[in-house]
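One structure is given below, encoded as structure tokens.
All chains are identified by letter, namely A, B, C and D, in their written order; residue positions are counted from 1 within each chain.
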Amino acid sequence: MTTIGFIGLGIMGGPMAANLVKAGYDVVGCNLTQPPVDRLVAAGGRAASGIAEATRDADIVITMVPDSPDVEDAVLGDDGVLANAKPGLLLIDCSSIRPATSRAVAEAAVAQGVRVLDAPVSGGEQGAIDATLSIMVGGEASDFETAKPILDAVGKTVVHVGPHGAGQTVKAANQLIVAGTIELVAEAIVFLEAHGVDMDAAIKVLAGGLAGNAILDRKAANMLKRDFTPGFRLSLHHKDLGIVQAAARDAGVAIPLGAVVSQLVASMVARGDGSLDHSGLLKLVQELSGR
Amino acid sequence: MTTIGFIGLGIMGGPMAANLVKAGYDVVGCNLTQPPVDRLVAAGGRAASGIAEATRDADIVITMVPDSPDVEDAVLGDDGVLANAKPGLLLIDCSSIRPATSRAVAEAAVAQGVRVLDAPVSGGEQGAIDATLSIMVGGEASDFETAKPILDAVGKTVVHVGPHGAGQTVKAANQLIVAGTIELVAEAIVFLEAHGVDMDAAIKVLAGGLAGNAILDRKAANMLKRDFTPGFRLSLHHKDLGIVQAAARDAGVAIPLGAVVSQLVASMVARGDGSLDHSGLLKLVQELSGR
Amino acid sequence: MTTIGFIGLGIMGGPMAANLVKAGYDVVGCNLTQPPVDRLVAAGGRAASGIAEATRDADIVITMVPDSPDVEDAVLGDDGVLANAKPGLLLIDCSSIRPATSRAVAEAAVAQGVRVLDAPVSGGEQGAIDATLSIMVGGEASDFETAKPILDAVGKTVVHVGPHGAGQTVKAANQLIVAGTIELVAEAIVFLEAHGVDMDAAIKVLAGGLAGNAILDRKAANMLKRDFTPGFRLSLHHKDLGIVQAAARDAGVAIPLGAVVSQLVASMVARGDGSLDHSGLLKLVQELSGR
Amino acid sequence: MTTIGFIGLGIMGGPMAANLVKAGYDVVGCNLTQPPVDRLVAAGGRAASGIAEATRDADIVITMVPDSPDVEDAVLGDDGVLANAKPGLLLIDCSSIRPATSRAVAEAAVAQGVRVLDAPVSGGEQGAIDATLSIMVGGEASDFETAKPILDAVGKTVVHVGPHGAGQTVKAANQLIVAGTIELVAEAIVFLEAHGVDMDAAIKVLAGGLAGNAILDRKAANMLKRDFTPGFRLSLHHKDLGIVQAAARDAGVAIPLGAVVSQLVASMVARGDGSLDHSGLLKLVQELSGR
């Protein structure tokens, strides 16, 4: 039976670990706070006191932590994953971090005989609960084959997109398109409301044609009601757009819309609206329109 | 049997008129050049020598012409639709024009007892051929009921979105979202290519999540091949974005992404690339990235 | 003695007319409201009951009105300047309007033997009072020679920049640079304040180098105090940026910064801040920065 | 007699060191390559074989190197300035680097009894030769008093703008305004040329009013001739705008125009135009306008 160490049992990691238990894996999890660990135990998993214990007997370790420095701490730190890894361990990092950090972590791990995949996810809390996440995986093809059944237990679309870091790069592109599309839909909504159009009919017809997108399908109804309960917080999207901008700059790629929407998201965070759902960009468009 | 006068048998109007014939209507069409009229006759319709003849005996007139002044000429002109209308005529203008022009035309027509709907379409040449257009209709609800069976013969999603001009407003919002989404996808593609990602896998996983949209579904494959055969030309999208910007300015609505993508589309036209498909925005992103 | 008809005695026109009286001209002025006419009489000018009377005996007519339609009304209208012009009249239009309108007015006038210059001004109310305006003149060189002594009585820098409409084009470029520079200075001020820099010292050193500009010299002190008393109102600058955008679009010229600052100015107007001085753009930057 | 160690004798550092010799200081300089050192000796200075020798006997050390890591190497490195400093040394860093790096260097230095000022300069090669640089200084007021006579020997406007890092912050604001102003002038030039205006007359009248700025005064003539000989290279301005964007992001400050012009500068570098003068932004505006 495969033992999976799971580091980081938050909003995303918690339901993912529970789905792995449901799929029959032996899951031993740790978290900075205790309640999520208790929930994992209640769901049939096992508790670890920390990274060392979660790693020591694991065949697979999954990390799901907030940002690049957290991954560096958890993996490269004094009593971290590498310091406690069994020979041949496969580490699957599901965090959304800088591609360059993923590559650096992979280099350090491989030097110690630990295999690594970067496997950031898209789909939000609901996708984690429903095991319908999209997962973009970077690393060796053979390691992807090993990881595939495990990732299939937490996601619906699991795709190998290239070498180490490629998963993060695709996740960055994903966040660029999502932020931009939310902003476009927000501009369209305020524009249509200002002209007195029947909004439900308008959203329906827009969603049915070449303007159709997942934001119109899943978020527009709440946007019309000004319900910005997260979902995915603007503050996290702001972090991700920092990754996008740095990676675009490094590669010399022009992202004119990306640069403008990054400014708008940064404004929302600076104004104190970082805890709203990312569809809360509508609020800024509305205020800029004096409405 | 209902007689439909059809004015403007171009790339869009031609197949729409043919679909009306196929649905059993008596269609009498005119066009500035003769070959499209001949094609309508070959398809089972009738030829008119001009607007007067196409209008005189019609219960319904459909106009499908390039721009606001063309609609004004065809409808309000000396020997135009209003000058030749039977009492009780219903005029359905399927052109994409300024909302203000639609309202002005409606006002002039109603004063003469002619009913009018603005009914711009989305879906491109293929949608016109397949009778799968999205149609956004502005005007009186009772006139919409009259027009519905006719529009159902040329479109798949036919929606009444508000009073006179509302169809044009929704079409403008549609064009705003479409242009912005193409640009976002173009930025993502160049970004991913620059980072050496497996592009087919990346497009697949992006299309499956919150970043999913109709451009990824229908245009990305051609964009990866740099095949910019139109489809819908940048020069026409440029015209439409002029309508968007004017209508946003009139209403005091902020469209920061709309303003930037309008600049990019205008550049493509100024550089002589106006006859490419609108997905040709990718070419500009690529050049701005020195690739 | 040269008789000058002066149409439009507002914030700018009033002091300009008074300076012409001071320079020894016979000035006969009219205005939609009476008090400015009384002030002209008190200053030594003469009152006209309307455009017809102001034009009838004039060798020169100067128009200074708000927008393109006002110029069309005053010049081309039923009892307007052209209808009442002496043979050989020289019309100097100092309004800031669309270049295309200036060209259309010139064409109509020349067809009647009336000569025309477009001569928009820059420098604000204080420049009008002090007779230090910059004046950009479009039209025939020989007409410019005739007008030069008169314009020297109200301005300091009086330059012939090209054919009919060229004055308006240069004024549009002026307004593009001014709005953009205000926004850049506003971004710099909020940036520096956020970092706790000594602001007076910073402004001094910025103004002394390659970043130096007239906004730092004349407006930054008030911006630091958040004193946005006009000066030149955002609502008028919004009108001017509409002219800039239309003229850039007509010529196929890319104005990426112009497009973005136009959005920001439009937002200020939409939010109800149109009556602030244009340096009030600082307020928006500050709010977007959550400060 | 005060001994000044000078580290980095490049395009800027070389003439600055020569001016210090001319002002009577004992200048001992080092550089990665030998010819600039020979030129310093020919000008009356002394040669050092490296940082250790340039620092060992110095009362003052001035560093003028390209980027943040270069300053870290030179100051904090194994055989760097701190490792060789006399007690009480005053280090003046004239490089343009991240404010955060300046603060980190200052902290490390102060812990060792070395005083530090960040003192980036503006004015270009000509300003360095003519000793007319603008210098923005961050650090302790008493250290600024010590440095003032020395900086006066190389600059014209020498201003204390705040604590450690403040000099860099003001330099960043300077580069934001300069890049933005170049772009605004470029947009105006292409706009005016497209409309057939007399360009010399137009530049003259623009420079005389509220649109006036140092770019119109010093760069527009070369821009009209498409002479983009540096001057200050786009690749260096690109580096500086990276600092601006990072510092704005850290402080949560919105810089909408800054973000857009950063994209345009990045494009020029990505396209291979990084070695042009920064006024070469005109080339991009022209191409985007299809001219």
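One rule holds for everything that comes next: a contact is a pair of C-beta atoms (placed from the backbone, for glycine too) under 8 Å apart; a residue touches a chain by one contact, two chains touch by 3 or more.
Source: prediction; values computed, not measured.
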item	value
Target chain D, source chain B, minimum contact steps	1
Copies chain C and chain B - interface residue numbers shared by over half, same or different	same
From chain D, the most remote chain by mean C-alpha position	B
Between chain C and its twin chain D, rotation from the CA superposition, multiple of 5 degrees	180
Separation of mean Cα positions, chain D and chain C [Å, integer]	38
Separation of chain A from chain D, taking each centre as the mean of its C-alpha atoms, in whole Å	40
Between chain C and chain A, distance of the C-alpha-averaged centres to the nearest whole Å	53
Residues of chain B engaged with two or more neighbouring chains	252-256, 260, 263, 267, 269-270, 288-291
Chain C to chain D touching residues, read off their complex	99, 122-124, 134-136, 156-157, 159-163, 165-166, 169-170, 172-174, 176-178, 180-181, 183-185, 187-188, 190-192, 194-198, 201-202, 204-206, 208-215, 218, 244, 247-248, 251-258, 260-261, 264, 285, 288-291
Residues on chain A engaged by chain D in the complex (per definition of touch)	242, 245, 249, 252-256, 259-260, 262-263, 266-267, 269-270
Chain B partner contacts - residues on chain D that touch it in the complex	256, 260, 263, 267, 269-272, 287-291
